[in-house]
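Several structures are given next for inspection.
You will see two complexes here that share chain A, one where it goes with chain B and one where it goes with chain C.
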Partner chain A sequence: MIHFVARRGVRALGVLLLVAVLAMSTPLLLPGSPALAVLGLEASDADIAAFNERYNLGADPFTRLWNWVTALLHGDLGTSIVTGSAVTDQLAERLPVTLELVVVSLALALVIAVPVALRAAWRPGSVLDRVSQSLAFVLLSMPGFVLGMLLIYVFAVSLKALPATGWVPFAEDPVEHLAHLVLPVVTMALAEAAVYLRALRADADDVLGSTYIHAAQARGMRPSRLLLARALRPASLPLVTLVGLNLGMALGGTLVVETMYAIPGMGRYVATAIGQRDYPVIESTTIILAAAMVVATLLVDLSYRLIDPRIAHDARH
Partner chain B sequence: MTLATRAPADAPAPAPAPAAASAAAPHASAGVAAAVRATRRRRRADATATTVAAVWLAVLAVLTLVSIATPLLDPYFQDFTAAKLGPSLAHPFGTDGNGRDVFARTVAGAQNSLVVAVITLAVGAVGGTLIGVAAGYFRGALDNVIGFLIDVVLAVPALILIITIVSFRGPSIVSIGSTIGLLMVPAFARVTRSIALTVRERDYVKAALLIDTPTPRILVRSVLPAVAPALVSYAFTAMTAAIVAEGSLSFLGYGLAAPAPSWGGIIAEGRSDLATAPWITLAPAFALAATVMAITTIGERVKERYS
Partner chain C sequence: MHSTLKLAGIGALTAGLAITLAACSTAEPGDGASRSASAAESAVAQPVDGGTIVYGLDRDITSLDPASGAISSQTVQSVANSIFDALMQYDENGDLVPFLAESFEATDDTSSEWLLTLRDGVTFSDGSPLDATAVISHITREGAEETSASRATVATIAAMEPVSDTQVRFTLVAPNASFPQYFTRDLGQIASTTAQDEFGFPLGSGPYVTTAYSAGTGITMTKRADYWGEAAHADTVEFKVLPDADSRYQSLVSGAVDAIWSEVPSQFTGAEGDGLVSATGHSATSFGLFNSHAAPFDDVEARKAVELAIDPQALLAVANDGTGAVSTSVLQSTSGYDITDPQPAYDPAAAKAIVDKIGGFEFSYLTDGRGEAKARAEAMQQMLAEVGITMTIQSSDMATWGAALYSGDYQMLDFTTSLFGNIDTNLSMLVGTGGLANFMGYSNADVDAQLAELAGETDHDARGVLLNSIAAQVWDEAPLVMYTENLAGVIYNPETLQGVEDFTNRPQVSIQTRLMWHAA
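Up next is the complex of A and B:
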């Protein structure tokens, strides 16, 4: 196990290193120097050198990555060219917003998908099974922005039940905060729930055919306990993969939802920075988001062995 | 069988008999008759869905041809006296804020969205197959390097990469298509690699190796045909992913430049008029979802045929 973790860890670190070099190569996509673009063509050499020093620009990607890492060890993620404030301060404002969206929508998606998928697999062909499968199919065919626009149209424009856009911090007004949270969270959760539902439903079908399930049933175990305590764990491997990958991508993947609902999260932060050629912000956030993805993938791999210890034995032989 | 014949085949609601049977019997041994009925019902529903899907795609193709070949559907014609009109005979999907026909724009949007999606798919499928087959067939160090590079592509935040390149390099069909295509390479590579791995162990490949068949010939004559069915099946899924990706990109404003209509772009344009002219958003939204559904449905049939 330790050997496995070490090997995977080294590989993940290598992947992250290459992504970081690529991120540091972003300024190379545009001809000319960022310093001249910001300071103007008459800028003195001293000004340009100071600018490059302050924003870690001007050098080759490897040197810049080295500077970035040494700064990181001092808790410094660079300075935004546009606002002049520290990237860490800006992240401290944006990251919680996106995390809240991601965690709440994931919880909602699982609360919808797990019971429905298990119940549907328990009675294949039942009304619940057919309705949930059809709904999942429709939801899977709808990109997030289409689903979001429909929800806005129905609940904000037509029924006027919920605010269409905007974000109110919890500390400012808890009720308004929740009201603004509903539509974006539901948009994300429904799309995720459809994916989870399909994956779990397919695997639960196989598991429910096993003899130990019949044995448990013959002993008189209640279906709800049977499903949650006996069937869920063996059927949940693909679900764990999907949840893990979704979490890994989520921090960067909320861009569409954040744009649609005007939420000041990570996605919009990066998109704005890209539009403004704010290299320190683009680079730091890209590396952070890639790290999140790499860690999530690693955890998924490890969790396989916790969920099904046989996997570790198979790998050893 | 008696149960199956007793209940009319096209009963709209689940008949009480199979429900009672499955309630009495445990999961796996639910009444055989009920299972037969369920299978039949599914087959019939599948057939209907496939027909509807094919008809939808055919209609879309015909309309696209009409909009290319005739001036009947002009997505750019503006009539400011006829802005934000509701759906009518003259404008089946109404008009937008500039008095342009939403129906014509949706049809033209289909064309742009599908062209980008096809380019994306081509880049992803060709690149992914080359890499996947190479990794699976040659194995060893090459396989490891390719696996590592695939991990790198998967770790890069997808939307950020696309937006960066489109924003820095300009929104052209080539930049959009090749960047989304690059992100599709890993999935295609995985599909083809696993098959190339097994094909290499087949007797006919071993025989070909024994008589010194040149490697390119083995790859083209033996490996590629074995990979093809899975490739075609996966291409349908990838096609829908490409349409969704292009739509999201256009919706965010990083798609093809402004007046050129694409589904995501029209949906975003209609946003501010959602209260007064919802058809601007809802018509292309429906077209987009319906097209994805249609391609998925036909893809499922293709998958069934090959497996």
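Up next is the complex of A and C:
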């Protein structure tokens, strides 16, 4: 196991290094200068040149990366060109917001998808199976912003039960915080649940056809125990892969939900930075998001070995 | 970035349209003269003090410092006006009138020297006096900060000197009969250069002070007890950052906010059906820029063929949902000047005749990726195809669009700006040789001479003649083609909010929260 982790860790560092060099190349690759956003129409060519010089925008990617790593060792991710604020401070505000969205929506998606998928697989062709498959298909076909607008219309505009937009920090007002969390979390969770449901339903169907399942059933094991204790584990490998990938991508993939619901998270932060060519923010967030993806992938690989020890055994031989 | 503010800083460069020169009359703040209702309810309802107004902004506000350029655009004047008072403002007729100033008058025949007289007893929110020294310090800082949207304007001031505690004399580099128009936004919104609030932003003399600020979420402001003018009605104003236009509107419909900023035509047309009211002005103009330094538009005939082949009325229907107006001149329909020399009208037969003469050609049209710009481009593509011109659409993000604009790396480009709303001060910037917003690189010695004459001309009718004469010369060379005047403004729920001003005749939509009150 230690050897495996070490080998994957070295590979992950290589991936991160490659991503970091690419991120540091963005000032040379992307058209447009943050000088235009900051200095506006008043800027002369000399002003823009001086601005680019001050922020070292013409430097090669390796120099930028060296400077970034050196600053990182001092706990500094640089300063936003546009806002003048420290990137670490902005991340400290935004990252927890998105993490909360991602974790809560993932939990809700699993709470919905796992029991429904197992039950549907237990009774193929049942009403639950057909309804859940159809709903999953609808949710998968529906863009996130359409689902979001639909939820806003029903629960905020028509029923006036939940706030349509906005974000209230937990420390400020826990009740309002939860109220503002419901619609964005449900928007994300429903789309995720549809994916998980279809994946788990298909694999559970295969597992439930296995001889050992029939044997357990013949021994009189209760269906609920059979599904959770016998079928879920072997059927969950694809689900774990999907959850891992979703977790890795979700940090930067919440743009639509954060924009629609006016949530000050990472998605909006990154998108705004790209639009304004705020390179210190783009570089730092790209590397952080890549690191999240790498860690998630590593955890998925490790979890394979825990879920199915044969994988570790096969790897050794 | 927002459609009325194509680049940071452009909004603050726009100043007023109607010129009120000497003997500007004083309007008492909150006296109701500028509170004419855009909804009938506003005219009859009595103001109610107290409560909280919740207002939906279309963007995050990264700074509350006028010199940062972050609150200089029209879309966020609601925030700026809450903290800062402008020296000058536009009344409901579109006339420029003093506000924080008592008067702002030319003291010589050439409009090269101006005397600003401040109101007595105005203080910043920390109680320190807003006097002549504070005004000079503020303007000096606006000219020095690299992020300021008013550096070029400050550079037109040769000298500033305090005449007394409440008077400042300005000596200009060149005559400028429209000089006070520069003082309706960031340059005129006097900020303290010595005192800051707890968030690090300079203090103002406005009706509210900032009590909570969270980037990406919103700003809360509380009424000042010691405001120099008539106190604001609402105790608190909450500005919420709601960047998505659709969910911002749904927040209003659901009652989560009382008012929102909007530039979406379908929202204006649908507001009444949802029990809402719009208060809008013709605050932005869409037009096309030709790159006359590169083929095919280095040929004036090619530019004219495109100009004649485009039907602005159709663009208004397609891109603006029929709201706003067709733009027929560099003079806006609300300018107060007669348009005697409009842009040549849509004439596909004449366009086809030119194409037959010079041969069909192809070009690329660059847009900034906004929905309205894309819809406009697609309609133009069809119109141009009918006369034998092939247009390909290049849709980019704002940064790429801006880079192309500055570098001249485009053939034709879609541009929306509020600069045309203040044509008295901004025409030289748009078509004068070397003008800040003259991205076409247009240069005409006769036009420059007439612009210089315009700068010193104080008679309204004579200015109208000069403006039309300049426009006529511009049409001859067709460096640009006008499309539409677009609506922008506030949509609000009249059951919860009253006191929203009417912006129909004003060159700027400058929301004043101090005049609003919470009705429910």
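Definition applied: the second predicted complex is superposed on the first by the 283 of 317 C-alpha atoms of A that agree within 3 Å, B and C clash if a C-alpha of one lies under 4 Å from a C-alpha of the other, contacts with A are read in each partner's own complex, and residues count from 1 in each chain.
Rule of thumb we're sticking to: a residue touches a chain if its C-beta (ideal position, glycine included) is under 8 Å from a C-beta of that chain, and two chains touch if they have at least 3 such contacts.
These numbers come from a predicted model, not from an experiment.
Peer 1: Is A:Ile282 in contact with chain B, with chain C, with both, or with neither (first, second, both, neither)?
Peer 2: The first partner, chain B, only.
Peer 1: Let me test your reading of the model: by the given contact rule, A:Ile152 touches which partner, first (chain B), second (chain C), both or neither?
Peer 2: The answer is both, since A:Ile152 touches chain B and chain C.
Peer 1: With the two complexes superposed on chain A, say which partner A:Met249 touches: chain B (first), chain C (second), both, or neither.
Peer 2: After superposition on chain A, A:Met249 lies in contact with chain B alone.
Peer 1: For A:Ser126, is the partner it touches chain B (first), chain C (second), both, or none of the two (neither)?
Peer 2: Only chain B; A:Ser126 stays clear of chain C.
Peer 1: So in the superposed three-chain picture, is A:Thr259 touching just chain B, just chain C, both, or none of them (first/second/both/neither)?
Peer 2: It touches chain B and chain C both.
Peer 1: After lining up the shared chain so the two structures overlap, which partner does A:Leu30 touch, if you call chain B first and chain C second: first, second, both or neither?
Peer 2: The answer is both, since A:Leu30 touches chain B and chain C.
Peer 1: Should A:Thr83 be classified as contacting the first partner (chain B), the second (chain C), both, or neither?
Peer 2: second
Peer 1: On the A-aligned overlay, A:Val270 touches which partner chain: chain B = first, chain C = second, or both, or neither?
Peer 2: In the superposed model, A:Val270 contacts chain B only, not chain C.
Peer 1: Identify the overlap between the chain B-contacting and the chain C-contacting residues of chain A.
Peer 2: 30, 145, 149, 152-153, 157, 259, 274-275
Peer 1: Quick check on the complex: what are the chain A residues that touch chain C?
Peer 2: 30-34, 36-42, 47, 51, 82-85, 90, 93-94, 145, 148-149, 152-153, 156-157, 160, 163-167, 259-262, 264, 268-269, 272, 274-277
Peer 1: In the complex formed with chain A, which residues of chain C make contact?
Peer 2: That would be residues 1, 7-10, 13, 56, 60, 62-63, 69, 146-152, 214-218, 240-244, 246-248, 250-251, 253-256, 396-404, 406, 436-437 of chain C.
Peer 1: In their shared complex, at which residues does chain B touch chain A?
Peer 2: These residues of chain B touch chain A: 14, 18-19, 22, 26-28, 30, 34-35, 38, 41, 148, 151-152, 154-160, 163-165, 167-169, 240, 244, 247-248, 251-252, 264, 267-268, 271, 274-275, 278, 281-282, 285, 288-290, 292-293, 296.
Peer 1: Contact residues on chain A for chain B in the complex?
Peer 2: 11, 14-16, 18-19, 22, 26, 29-30, 121-127, 137-138, 140-146, 149-150, 152-153, 157, 208-209, 213-214, 217, 249, 251-253, 255-256, 259, 267, 270-271, 274-275, 282, 285-286, 289-290, 293-294, 297
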